[in-house]
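Take a look at the structures below.
Both of the next two complexes hold chain A, though its partner changes from chain B to chain C.
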Partner chain A sequence: MSETAKSAPTGASAASPSSNPSRSWTLRVRQAIDSHLPMDHLLPDRQPYYIGSWVYVFGVVTIAALVWVIVSGVVLSFFGPQWWHDSSVGRFFNSLHFWSVQLFFIFMVLHLWGQYFMAGWRQGRAATWMIGVVIFGISILTAFTGYLSQQNFASQFVALNAKDAMNGAGIGAFFNVLNFGQMYGLHVMLLPIGVTFLVVAHIVMVRARGVVKPIDAEGSARP
Partner chain B sequence: MDSPATYLHSGFILISWPNLLVIIGMLVLFAVALVVPFPHGGDHDDVGNS
Partner chain C sequence: MKSMGQTQEDYYRGVRMVPYDLVKELTIALAGVGVLAILFAAFLSSPDVHPVTIATWSQSDPVDFVTTATGELAGTTTSAGYGQPYNSTPDAAQTWGPIAPQVWLGVRIPVDSANAFVIEPLKHASVGDATLGTALTQWQGAASTQQGTWLDNYTKALADATTADGKVSVASGDYGPLPAMMSTLLGVAQTGGLDGLLVITGRFYQTDYTQPLLFMGDGGYLDSLATNEHLTGDLWGMMNETGLYPGQTWLWLYTMWYQVPPFTSDTGFLGLNAGNADLGIIVLMTVLTFLLALVPFIPILRDIPRWLPIHRLIWRSYYSKKTSAPART
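Here is the complex of A and B:
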C-alpha cells in the first residue's frame, strides 16, 4: 500500500507534462481553440453591416425550429405511441413535432436558396457548405424514418410502398422499413445525434470564419 | 385532414395543391426577405471577421 502511495504521482509531477507543450494534448487543444475560435467570434456583440437583411434570419429560424423538434420529440419518446395517438395532450405534442419539422425544412430550404445565390462557399467556406448539404440529406432520412414511426395507416402505407424501393436499391436487407423498432431507433437516436452534431459543427464553422461578404461588397467575386 | 389532397395536373406537371401552395409561399417569403428593410440595419458596424 505504501509502495503504491510512493509510486502515485504527486500534484507537482502530475502537472509536469503541462510544462512541456509538445507533450500536453490538452494544452495543444486549448491553444488551437483559442487561435481558431476566440470568444469574440463565438459570441460576437457586433456584426458586419451587410448582415442587416432578413435573408440572414432563415438560418437561425431553422435552428429555432430544430430546438422545438428536439424538445417535442423528447416528450413523445418519453410517453410513447399510445399516448401520442389517444390523449389530447399527446396529439398536441405530436402535432407540435410534425409542424416544427415542416418549419425546419421550409426555412432550411430558404436558407439554402439564400446561401446558394450569395455563393456562401466562397473564401474558405466550402466545408461549411458541404456540411450543410450533408445535414439536408440526413434530415430527409430522419423525416422519412419519422413518417414510418407514426404508427398509423399513413406510416403503414409509406412503409409498404417504400420497401420495394429499398429492396430495388439493394439496401432492404439492413434497412427494413417494415421494422418499426429499427426505424424508430434510427429516428429517435442515431439520426438526431448526427443532425445535431453536424448543426453544431456548421454553426461553429460559421462563427469561426464569419458570414461571407456579399459578392458586390468584396470588390471581386473570387470562386 | 386525412382526406386525399386534390392535384394540379397539367401535361407532365402533377403536384398536389398543398405542396404547390407551400412552394409558392416559400418563393414569396424569399422575395419579401430580399426587399423588406431590416429594422436597425444601419446600426451594424463593419466588423467582418472573414
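Here is the complex of A and C:
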C-alpha cells in the first residue's frame, strides 16, 4: 500500500465534494446492504424456537448436496468424458456426481413439499417461493442435460425420445438434444451458473426476511 | 431487514429466540450428505451401459441395418418424413389448432437422410471400387419410378432375408444395383467406417451426433435394446435408467401424461391426441409449472396448507406451547 493510501481518511463520511454520501454509488450500495441484510441476519446465532423441526433440515441438506454435485462435477469436467468411463477413479467421481444429484433432488422435493405445507410464501415471501420453483425447473433442465452427457446407452435413448418432445414444441430448433457438444456445454457451464446464482438469491432472501411464523394469527396462507 | 414496513426484530417481537449455529449446521449437513453420497458411489457405482455404435448395430442385426438403409433411400423412415427441424415434409409437424411452433421455426438442422446416411458414405467408399462406382452411377441415373420398383422389390425381399458371416442374402429378383450398394454400406458400417463418416461432415473436431443417432433411431435394433432396459415410452422411459439405477424420477409427472388420455388416444379431446402429444404435454407442463410458481396468489391452492393439519406436525412445539402457555420473549 502506498503512503498516500495509508494516510487517506478511513471514515465513510469524510467530507469532500467527491465523497458526498448522497452521490457515492459505493456508499449507497453498502448502506443498502447494511440496511437489508446485516451480518447478524445473514449469519444469525439466534432463531425463533419453533424452527426446531426436522422440516428445516431439508433446506440445508439440499444446499449440502448441491455443493457435492458441484465439487464432483468440477472434477469430472476437469478430466473430461473419457476419464469417467475408462478409469476407476473417474468412474468413482461419476458415481459420486450421480448419487449427489439423486440426493439433491430428493432433498429439494422434500424441502418444496415442506414449504408448501408450511405456506412458506406468507408475509412477503412469495418471491422466495417463486425463485425456489424456478430453481427446481432449472435443476431439472440441468439434470436432463447431464443424463444426455453421460455418453452411455441411456443417453442415446433418452436423446432420441426427448428430441420429439423438444421438436414438437419448436424448442428442438435451437436446443438439439442429439448434439452432445451443446448439451455438455449447457450442463457444465450455463445451467449450473443459473442454479447457483438463484440458490444464492434464494438463501439471501430467506436470511433477509427470516423464517416465516407458523400458520396462526393471520388465519390464512395468503402472501 | 425492513419487510413490509417491519424490521426482522419487529417481526419476531414476542417470539422466544433460542441459540442457533448456522455454520455448524451447514458443516454437519455437508459431512453427512458427503458420507451418504460416497457410500452410495463406492458400493452401488453408477449406470454405464456402453453406447450402441453403427458398427455394433450392423454386426448384431445386419438385416435390420440393411432394411433401415433401404428405407432411408425409399423415404419411408421416421427421419426421412420427420418434418421440421430436419426437413420440410408436409403435414409432418405437430400442431394444435393454430399453434405450430415446429413449423414456425422451420428447418434449422437440415438432414437429407437418403443422401446423408446412404449415398454420401457410398461415394466415399466407391473410391477404388469400380463395381460400387458402377452401381452408384446406375442408381443415380435411373428414373425415380425405376428406383421405386427396385426399392419396393428389395424391401419385400428383405423380410425373408438370411444372414451368413455377417452378410445379408435375399432371394433373386429385380433389385437393380441395390444389393451391391447395400452390401458395401453394410461392410463399411461393420468396420466402423460409417460411425465416423456420419459425424465428420467436413469438420475435424466434432461433438454433434445428430446424424448417427437419427439413423440408429430409424432402425429397430436400438429400440429392442431399450425395451430390454425398460426405457421405452410406454414404460415411462424418460424417467428410467439402465439396470436398477434410479433415473430422472423427478420427471414422473411429465412422463405420466404420455400414459393417459387424451394423449394416448387417436381421437383425443379438444384437438389433443397421440399425434400431437409432445406439443400438448410440453404446453401442459409449462402451464403447471407457472401454476406452481404462482401458488401464493391462487385461492384454494394457497389455502390448502391452512386446511390440512400437516403444519401442526411441523410446528408441533409451537402449537403445544400455544395451547398450554403464552410464548415468552
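Here is the rule we use: the second predicted complex is superposed on the first by the 198 of 223 C-alpha atoms of A that agree within 3 Å, B and C clash if a C-alpha of one lies under 4 Å from a C-alpha of the other, contacts with A are read in each partner's own complex, and residues count from 1 in each chain.
As a working rule, a contact is a pair of C-beta atoms (placed from the backbone, for glycine too) under 8 Å apart; a residue touches a chain by one contact, two chains touch by 3 or more.
If you're wondering where the values come from, they're calculated on a predicted model, not measured in any experiment.
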| item | value |
| --- | --- |
| First, second, both or neither for A:Val133, with chain B first and chain C second | second |
| First, second, both or neither for A:Val55, with chain B first and chain C second | both |
| First (chain B), second (chain C), both or neither touched by A:Gly80 | neither |
| Contacts of A:Lys213 with chain B and chain C, given as first, second, both or neither | both |
| Chain A residues touched - chain C or chain B, whichever exceeds | C |
| First (chain B), second (chain C), both or neither touched by A:Gly168 | second |
| First, second, both or neither for A:His36, with chain B first and chain C second | second |
| Partner chain(s) touched by A:Arg46 [first = chain B, second = chain C, both, neither] | both |
| Partner chain in contact with A:Leu110 - chain B first, chain C second, else both or neither | first |
| Those residues of chain A which chain B touches in one complex and chain C touches in the other | 41, 44, 46-49, 51-53, 55, 57, 109, 114, 123, 209-210, 213 |
| Residues of chain A that touch chain C when the two form their complex | 35-38, 41, 43-53, 55, 57, 60-61, 63-65, 67-68, 72, 85, 91-92, 94-100, 102-103, 105, 107, 109, 114, 116-119, 121-124, 126, 129-130, 133-134, 137, 140, 143-144, 147, 150-162, 164-165, 167-174, 176, 178-182, 184, 208-210, 213-216, 219-223 |
| Chain A residues touching chain B - in the complex, by the definition given at the top | 41, 44, 46-49, 51-55, 57-58, 106, 109-110, 113-114, 123, 209-213 |
| Of all residues in chain B, those that touch chain A in their complex | 22, 26, 29-30, 32-34, 36, 38, 40-42, 44-50 |
| Contacting residues of chain C [partner chain A, same complex] | 1-4, 8, 11-12, 15-23, 25-26, 29-30, 32-34, 36-38, 40-42, 44-52, 82, 84-85, 93-94, 101-102, 104-106, 108-109, 206-210, 213-214, 216-217, 222, 225-226, 229, 231, 233, 237-238, 241-242, 245-251, 276-279, 281-283, 289, 292-297, 302-306, 308, 310-311, 314-319, 322 |
